[in-house]
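Questions regarding the structure given below will be posed in turn.
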Amino acid sequence: MNKNKIINDPLHGFIAIPSELIFDLISHPYFQRLRFIKQLGVSDFIYPGAVHTRFHHALGAMHLMGRTLESLRKKKIEISTEEFEASLIAILLHDIGHGPLSHSLEGILLPGVKHESISYLFMKSLNENFNDALDLALKIFRNSYPRKFFHQLVSSQLDIDRLDYLSRDSFFTGVMEGTIGIDRIVAMLTVHEDQLVVEEKGIFSIESFLHARRLMYWQVYLHKTAVSVERMMVNTMKRAQYLANANEKITASESLLFFLKGK
Amino acid sequence: MNKNKIINDPLHGFIAIPSELIFDLISHPYFQRLRFIKQLGVSDFIYPGAVHTRFHHALGAMHLMGRTLESLRKKKIEISTEEFEASLIAILLHDIGHGPLSHSLEGILLPGVKHESISYLFMKSLNENFNDALDLALKIFRNSYPRKFFHQLVSSQLDIDRLDYLSRDSFFTGVMEGTIGIDRIVAMLTVHEDQLVVEEKGIFSIESFLHARRLMYWQVYLHKTAVSVERMMVNTMKRAQYLANANEKITASESLLFFLKGK
Amino acid sequence: MNKNKIINDPLHGFIAIPSELIFDLISHPYFQRLRFIKQLGVSDFIYPGAVHTRFHHALGAMHLMGRTLESLRKKKIEISTEEFEASLIAILLHDIGHGPLSHSLEGILLPGVKHESISYLFMKSLNENFNDALDLALKIFRNSYPRKFFHQLVSSQLDIDRLDYLSRDSFFTGVMEGTIGIDRIVAMLTVHEDQLVVEEKGIFSIESFLHARRLMYWQVYLHKTAVSVERMMVNTMKRAQYLANANEKITASESLLFFLKGK
Amino acid sequence: MNKNKIINDPLHGFIAIPSELIFDLISHPYFQRLRFIKQLGVSDFIYPGAVHTRFHHALGAMHLMGRTLESLRKKKIEISTEEFEASLIAILLHDIGHGPLSHSLEGILLPGVKHESISYLFMKSLNENFNDALDLALKIFRNSYPRKFFHQLVSSQLDIDRLDYLSRDSFFTGVMEGTIGIDRIVAMLTVHEDQLVVEEKGIFSIESFLHARRLMYWQVYLHKTAVSVERMMVNTMKRAQYLANANEKITASESLLFFLKGK
């Protein structure tokens, strides 16, 4: 089977699947599940275009990671083939533990368990499936790999995750002011003593990025209607939990019932 | 309540809700249901961005209708306030009868019934709800209004419906070659003896539109993977129908069971 | 002659020429002269796309003024046909006095004379040519019209001039971070006691606008290379002035010589 | 001096200067001269945004060549570092021989001499300046290099030159219908027996490209006003030629006079 696929992304253009292993990970049901989880939860009540999925975001982040690493290589930062693939896998799977409606229901359905921990469990399970092929990706994800900048690209104040989701959320909501100059930020990133740093002349781009991020919080992520809808959803779930545990009949799928009743 | 809302659309920019009646129609559960129906059915299996909904398309088409009518007015075509609003309503509701997965399951769940007929039933029901406020919109929709160009804008070889969905599908799939010059086409439309016509110098734009449409058919609507997924879906439904009618236990919502068992 | 033209603008889409008078003003040699003056002076040394002209900017500003006034009318602000056209003329001609390389050479070729004063002279001259048809536009331009918001739209901290040039300069330089949400800002403008004000919920858009403006200053308008090139140009002119007044032979057009020798 | 520059392009994003040699070629007065030649001659009379230069187009074409070669490498086509750089140089300089107003005045000022021949002379002269560093680029440009696909990328029915200028002209004129899917076409190009070929599934993209090209011819390149302006310009030059040769006094720069008098 030809696993050398390219995927259309209205935001980044063409996304090439860079290896067979990554193709197989994307094809795995754990990852395909993300097709059914919206990136912005209930925000499409306010911004009807914002129905894009975590599946799409994860592919986009993987693509941006590839572009960033290629840019670093041009600056003579040594990055091995294994490190390249592992970083792409780490960012591809960083959000694989998200459940329905993501952050909103996280605290309700599995109290005390963060999606990062579930992502980690998924990744460990995939690693077994794929005969330890994800060892290095797991190290990068858990920040136990000595070259810190790989983890910092996956998760830090200026990580690839944010670059993709801010652009993507701005694109699909149509909130133009959230546009960030991804190309420029990527070009400004570099590595010093294995730490991710920004070139001096990139400071305005970073400031713009922070400004865009703040704007997206006020205008999208914390939009009063979205917050209200979320609150109603949470309260509905709490009520359902109460009824389910009181053995009242409620109409819900078996999986939901399982979670509502807790362990 | 302030019903003077604007909605962000990454494709068209800002969509203003032009009247209270239209605000109330959009708020109605019949219309809100379209939030849950993807415009392109299963095409997001191939194009992950293509998760946009019929809800969004209907709003976009309404917006384009408004712009088109304003352009016609500037060309001294008389359009009354009533005709203006009725045309917007007709296009807003033209697809309200679509069911899940739209065209794919249409023939299975309600054999012999076209979505246009269901749209008509929905509109008649809404008309009753709204004290005959939709009388003129219904006439335009059913092509019984003497000024034919209103109906032609809602449904013809070069209608507003197509202008919106071709652009929207091209935008969300990221298939750049499907881009059409909406502004120019709208500017080229005019009316002669109450029939919709195109200005002579608009011929290249129309040709481009036809070319883009054909390309979208080959590259998106009839993509071999989408067609296969659709076929599998239809066969699954047929099998479920058989089992449901044979009174085998199948896991399905009550509404789906109702349809599977037929009347 | 058909004066009902539309002009393509890659930034705003289609720009319609709204009246015969405006068509005639645009056709006038005074205005056509702006075709040969780059909006950003020497910035195309750094940003090769930034060769857009003051002609294009003036048309764009006129178009945005039209959209803004239409938006205000929808908010029930009374704007007469005369006020509408006069505002468009005022903004169309607000920069007509700019000379070659604009700000850079202003102080050299005509010391002590601001381009605004020259714009005013041009407008007065055009007003005579057009039999006082620009009376109201001149009042708005000079801020002697009682309804102050018209002048504020032409020239203030948040005027249409800035909305167009910031967007246009960001578009043609490719400095994405300078993108501003024009549609949203326009939608947020309103009028209170004949003063231009911003709706409360527009505050983030205004903040974004200010941020984008500041970024454009640092990244484009005050770019160190542009400032250096400008300085070299000014010094070259000063030397030419010295030589011209010392009656040394210098190669220059007759018009330039006239200005170099001063009065 | 740091020659590792990146240039903003509103069309392609960031263009990196890939080598010191290329930096030096771009800095050379022969190449800088292209800053003052508009890509579309007099078309900005119709499309005011179309003031982009041959300088910008040449940089864009070089950038696209780089992306195409990288895509071919990923398909296991061997391309040496020397071939890579030489191809970029060949396309960078392919139009360096263009004179003012390009095609329009070509036949008047230097009758019987094509701009391709002048480009060749420029390149030979640069090659001497740069100690034969352009040998391979010249071979590719003149189609004397055995691996034909390099020349075909520089000049053929589906060359990189066209990909860039069609997109660029569509972008700066604002003629949306001329948009082509560059990313997809680049991804569809491959090499068979050292000849440039297109993958089978790329056929729709090629068809779209041809359609867009034809549309650009009708709507832009052969626009009746542009053709008229050009004709007036040519006739003016012919008259000037006549007067110059009759030793009448005409106001023109020395260089223009030199060409007008011809031999």
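Each chain carries a letter (A, B, C and D) given by its place in the written order, and its residues are counted from 1.
The working rule: a contact is a pair of C-beta atoms (placed from the backbone, for glycine too) under 8 Å apart; a residue touches a chain by one contact, two chains touch by 3 or more.
Keep in mind it's a predicted model, so treat the numbers as computed, not measured.
Student: Mind checking the rotation angle between the two copies, chain A and chain D? C-alpha superposition, nearest 5 degrees is fine.
Tutor: Here the rotation carrying chain A onto chain D measures out at 180 degrees.
Student: So which has more C-beta pairs touching, B-C or C-D?
Tutor: When the contacts at C-D and B-C are counted, C-D has more.
Student: On a C-alpha centroid basis, what's the spacing between chain B and chain C, in Å?
Tutor: A distance of 41 Å separates the two centres.
Student: Rounded to a whole Å, what is the gap between the Cα centroids of chain A and chain C?
Tutor: Taking the mean C-alpha position of each chain, the two centres sit 44 Å apart.
Student: How many angstrom lie between the CA centroids of chain C and chain D, rounded to a whole number?
Tutor: Their C-alpha centroids are separated by 32 Å.
Student: Among the residues of chain B, pick out those that touch two or more other chains and give their numbers.
Tutor: In chain B, the residues touching two or more other chains are 13, 175, 183-184.
Student: Looking at the complex, which residues from chain D come into contact with chain A?
Tutor: For chain D paired with chain A, touching residues are 6, 13-14, 16, 74, 183-184, 187.
Student: Which part of chain D faces chain C closely enough to touch in the complex?
Tutor: Contacts found on chain D: 7-11, 13, 35, 44, 47-49, 51-53, 55-56, 59, 171-175.
Student: In the complex formed with chain C, which residues of chain A make contact?
Tutor: Those residues of chain A that touch chain C are 175-177, 179-181, 183-184, 204-205, 207-208, 211-212, 215, 218-219.
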